[in-house]
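Letters are used for the chains, namely A, B, C, D, E and F, taken in the order the chains are written, and counting of residues starts over at 1 for each.
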Amino acid sequence: MEVSRIIELLMHGNQLKRTARTGWGQRGVPLPENVAAHSYGVAYVALILAQLSERELDLAAVLAMAILHDLPEGTTTDIPPAVWRYLPKGAKAAAEWQVMEQIAGDTPLEPRVMGWWGELRQNESAEAQLVHDADKLDQYLQALVYEQQTGNRQLAEFWQRPYRFHFPEAQAIYDEIERRRTTAPRV
Amino acid sequence: MEVSRIIELLMHGNQLKRTARTGWGQRGVPLPENVAAHSYGVAYVALILAQLSERELDLAAVLAMAILHDLPEGTTTDIPPAVWRYLPKGAKAAAEWQVMEQIAGDTPLEPRVMGWWGELRQNESAEAQLVHDADKLDQYLQALVYEQQTGNRQLAEFWQRPYRFHFPEAQAIYDEIERRRTTAPRV
Amino acid sequence: MEVSRIIELLMHGNQLKRTARTGWGQRGVPLPENVAAHSYGVAYVALILAQLSERELDLAAVLAMAILHDLPEGTTTDIPPAVWRYLPKGAKAAAEWQVMEQIAGDTPLEPRVMGWWGELRQNESAEAQLVHDADKLDQYLQALVYEQQTGNRQLAEFWQRPYRFHFPEAQAIYDEIERRRTTAPRV
Amino acid sequence: MEVSRIIELLMHGNQLKRTARTGWGQRGVPLPENVAAHSYGVAYVALILAQLSERELDLAAVLAMAILHDLPEGTTTDIPPAVWRYLPKGAKAAAEWQVMEQIAGDTPLEPRVMGWWGELRQNESAEAQLVHDADKLDQYLQALVYEQQTGNRQLAEFWQRPYRFHFPEAQAIYDEIERRRTTAPRV
Amino acid sequence: MEVSRIIELLMHGNQLKRTARTGWGQRGVPLPENVAAHSYGVAYVALILAQLSERELDLAAVLAMAILHDLPEGTTTDIPPAVWRYLPKGAKAAAEWQVMEQIAGDTPLEPRVMGWWGELRQNESAEAQLVHDADKLDQYLQALVYEQQTGNRQLAEFWQRPYRFHFPEAQAIYDEIERRRTTAPRV
Amino acid sequence: MEVSRIIELLMHGNQLKRTARTGWGQRGVPLPENVAAHSYGVAYVALILAQLSERELDLAAVLAMAILHDLPEGTTTDIPPAVWRYLPKGAKAAAEWQVMEQIAGDTPLEPRVMGWWGELRQNESAEAQLVHDADKLDQYLQALVYEQQTGNRQLAEFWQRPYRFHFPEAQAIYDEIERRRTTAPRV
């Protein structure tokens, strides 16, 4: 183990603390959460979801994928979907793959990290699908909190994009979040 | 599963995004990281450490404990050590235990969550010890980053408290972080 | 007078500028006021109240107690009420007393400072009661301002806790603040 | 007492929480203190100084003047000295006097508030001079803290303007602050 | 060309990045825009307006005046209108003129810069009038954005001051902005 | 002129006020400037440079290009160079071109706006080259200011990338900025 290389690897995770979630900032949320805080949210939601589900799940893989799922953004930043639309198809996946290899390459962790990354991108295993559900749930929870705490009307856009959850428990949670949003009292 | 109760449970994790790490703020770090971002750091460092160690580890338990390790602070806030000194011995552990029971109680997750919490507090399993090492490593990494990025001289205090790492890999990483700190060039 | 000790004493007051008012931050107020700004508000409100009241009051004691009333929070931080509930009865008062002694001890100011602190905690003198009224009024004024300026719906919680003012002038001011809150026009 | 007018009066004090200290911001201090927090600092320092001094002082007047000393800035903002230089001599004092009358006028507090304001501006009483010393001490304490916590080199300008303290205790404190500044270790 | 003098000149523009727009901050907008960002907005709006207008315009003069129109505020800060009311008539124009001469004096740019400044202050040329229209449009656009993104009710004051636009295109844009403001859906 | 379309166009410029300059944030500058403030800096520097140069220049074109030079970033955000390296050659220019067409398309301004954009991208005219020089000078000025005001050591990276200025006046200014950086006194 070459320690210097490991510290570099650790710094890539630390960098997420300085990487803003772009969608909130573009809509004027003051001091929006960073990618590290969001990734925490995803890992926490995934941990809860995995306990609630009746399916047999590899919890270590679920949590590892949740922790890694936005790791390249320390390098790429959280580029908004509007941009990728202007780039060649597949450019995002290819760029992120290269960044992940640059991050984990030449370390003893490369095989496992890239394995989790591939599984997450493929989104076929139950574990990967649960992480994607958790990713969305953390976003909707946060949108609800921002709406109630900042009075921002432009966040309404976030609720217009339909998303089909893989896990019925995630869907039920989303439905309740959405219900709370529309019935919350006003000041 | 009563969905409302689950959303309450999820909101406790979300609350960490609004809970500042007190030690940085008390020393004037502008916009210091919150507990969610720190907890992400701990989980990420723990994931790396677990891969590097030659010991056989239950990775799911490691990551779950890392994700839960500061969860009560959404309720208690990150009370500085100086305060607990003025309170009866054991008051901190007792209060946090009650908060955790309030968070997870009456949900299907209670047994596992409280199990992980107890294991972490006892700090006897290799998994719990690795999480404690990761907790410290994230703090030292962050202190180094803040020192290099803000010129804050009062963070020097953080390096004076000795901590004995359980894992030799963690100790080696700390030694290198500490070496970088003292040899970094000045502007 | 040993100057070094006095500077230490002064720094305890200065520290309130880096100590956030926890309740606002927990409910998502961006960049919430710190304890120094709040303490200013309390001293200012107390100064006004003391002029309005027909009771004979020791103004110096009123203002000194207002200035000192949250001084320990530079050390303890502004621990939310939810936490003290989990601690032994009297733990808060005991801890704050010790912090105040640590702050003022071994200085020529100790007797007077601790005298004011004791008077404030006992809350029996008219002066102490006026400071408590001012403490609450500053909080309600601030809650109104935050609600009107941030659209935060979660601050509604602050208005649900009944508080009985000692001074009729304070009660009348509160009633008007509360009236403004419910009749303010919306954008 | 017309309550509406009193609330307006209270809001002028509350406004200081939204009024930045200009000198720090112009030199790039991130999120610099506001005038309320500074005024708290002045009142706290004045309270300490008054205890330390052997002179007989009207403590109520000292604290009242400290609390009021920057009150007009809620309306005028903290206009930097460089501006007043371009305005007719006496313009600052005249403008602030009018603002104070607008703030306190038509309230039962007008005589006393304007009395304190006049005493402070005249700066002949020991009480007024002590408040001016406290104003400066809070500024130097804050400059020291910002220098140690932000690495800002441009704050050096603050130490070049000579100020002659009225109270020997204030001078002794300044000398020690200045000594600490020049001997503090670097990271 | 003496380079040191030119860098000083450049720093005056750079200083606008550290100069807050006072009106927003006084009404509690968190992290309000600075004068540099506002001046960008004015220049951008002026560029668009100049293209839309059928009048023949000196575009270089329009853009130069837009870029310079708040330059003295790096020195004076953005003093609110309420203050100038308390100062002798003409004091604002006189002070700003002196600041501009201090900024541009003794540089080869003095004649042109002061020429643009004089033209802008006189507000008789079509170019100057267009810059004033752009100044107002940027303010109203920003007020609309802040209202929609922060739920701030106190910004309503901004819409009560009538302003008569010089260019019909500017008036038409204002009318539409105002219409959007009153018909925007609520969360 | 369809007013709704024009307001959309104006909002694209306004959006730069909510678009952070990524490089500063990635290196931990607290509350780094946004693209609007930077674009103001570029326009201001370009205005000065154009006056200093002996070459005959179309000032309107210089300023228009400076104002437009980062306009697409309201949509794309300020994607760091490290990302484009992972994307197909030419992807950046192609994406930005499409964004600009989306911004200005179907408005009477399209021909001129796209003309300036094309001229800027081609970077062959003296006017376009001056804007590029101004872009770099604003960045170096800002790096110097941040280094002096925050003590950030990681900004040293910015000074290692050589850039060859087109205008000798710009080069002379850079040389002096660089000299100041290395000779500035420390606190």
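As a convention for this text, contacts are C-beta pairs under 8 Å (C-beta built on N, C-alpha and C of every residue); 3 or more make two chains touch, one makes a residue touch a chain.
What you see is a predicted model; the values in this text were computed from it and never measured.
The set of chains in contact with chain B as well as chain F comprises A, D. For B-F, the matching interface among the pairs C-D, A-B or B-D, defined by over half of the contact pairs being the same residue numbers, is B-D.
One finds 48 Å separating the Cα centroids of chain B and chain E. Averaged Cα coordinates give chain B a centre that lies 31 Å from the centre of chain C.
Averaged C-alpha coordinates give centres for chain E and chain F that are 21 Å from one another. Residue positions 27-28, 30-31, 145, 150-152 of chain A are each in touch with at least two other chains. If the chains shown are joined wherever they touch, the resulting network has some other arrangement, not a path, ring, star or complete graph. Residues 1, 3-4, 6-7, 9-11, 13-14, 16-17, 31, 33-34, 36-37, 39-41, 43-45, 47-48, 51-52, 58-60, 63-64, 67-68, 108-109, 112-113, 137-138, 141-142, 145, 169, 172-173, 175-177, 180 of chain E touch chain F in their complex. On chain C, the positions that touch chain B within their shared complex are 15, 18-20, 22, 25-28, 75-77, 79-80, 82-83, 86-88, 91, 94-95, 98-99.
Those residues of chain C that touch chain E in the shared complex are 30-31, 145-146, 148-152, 184-187. The part of chain E that touches chain C in the complex is made up of residues 27-31, 147, 150-156.
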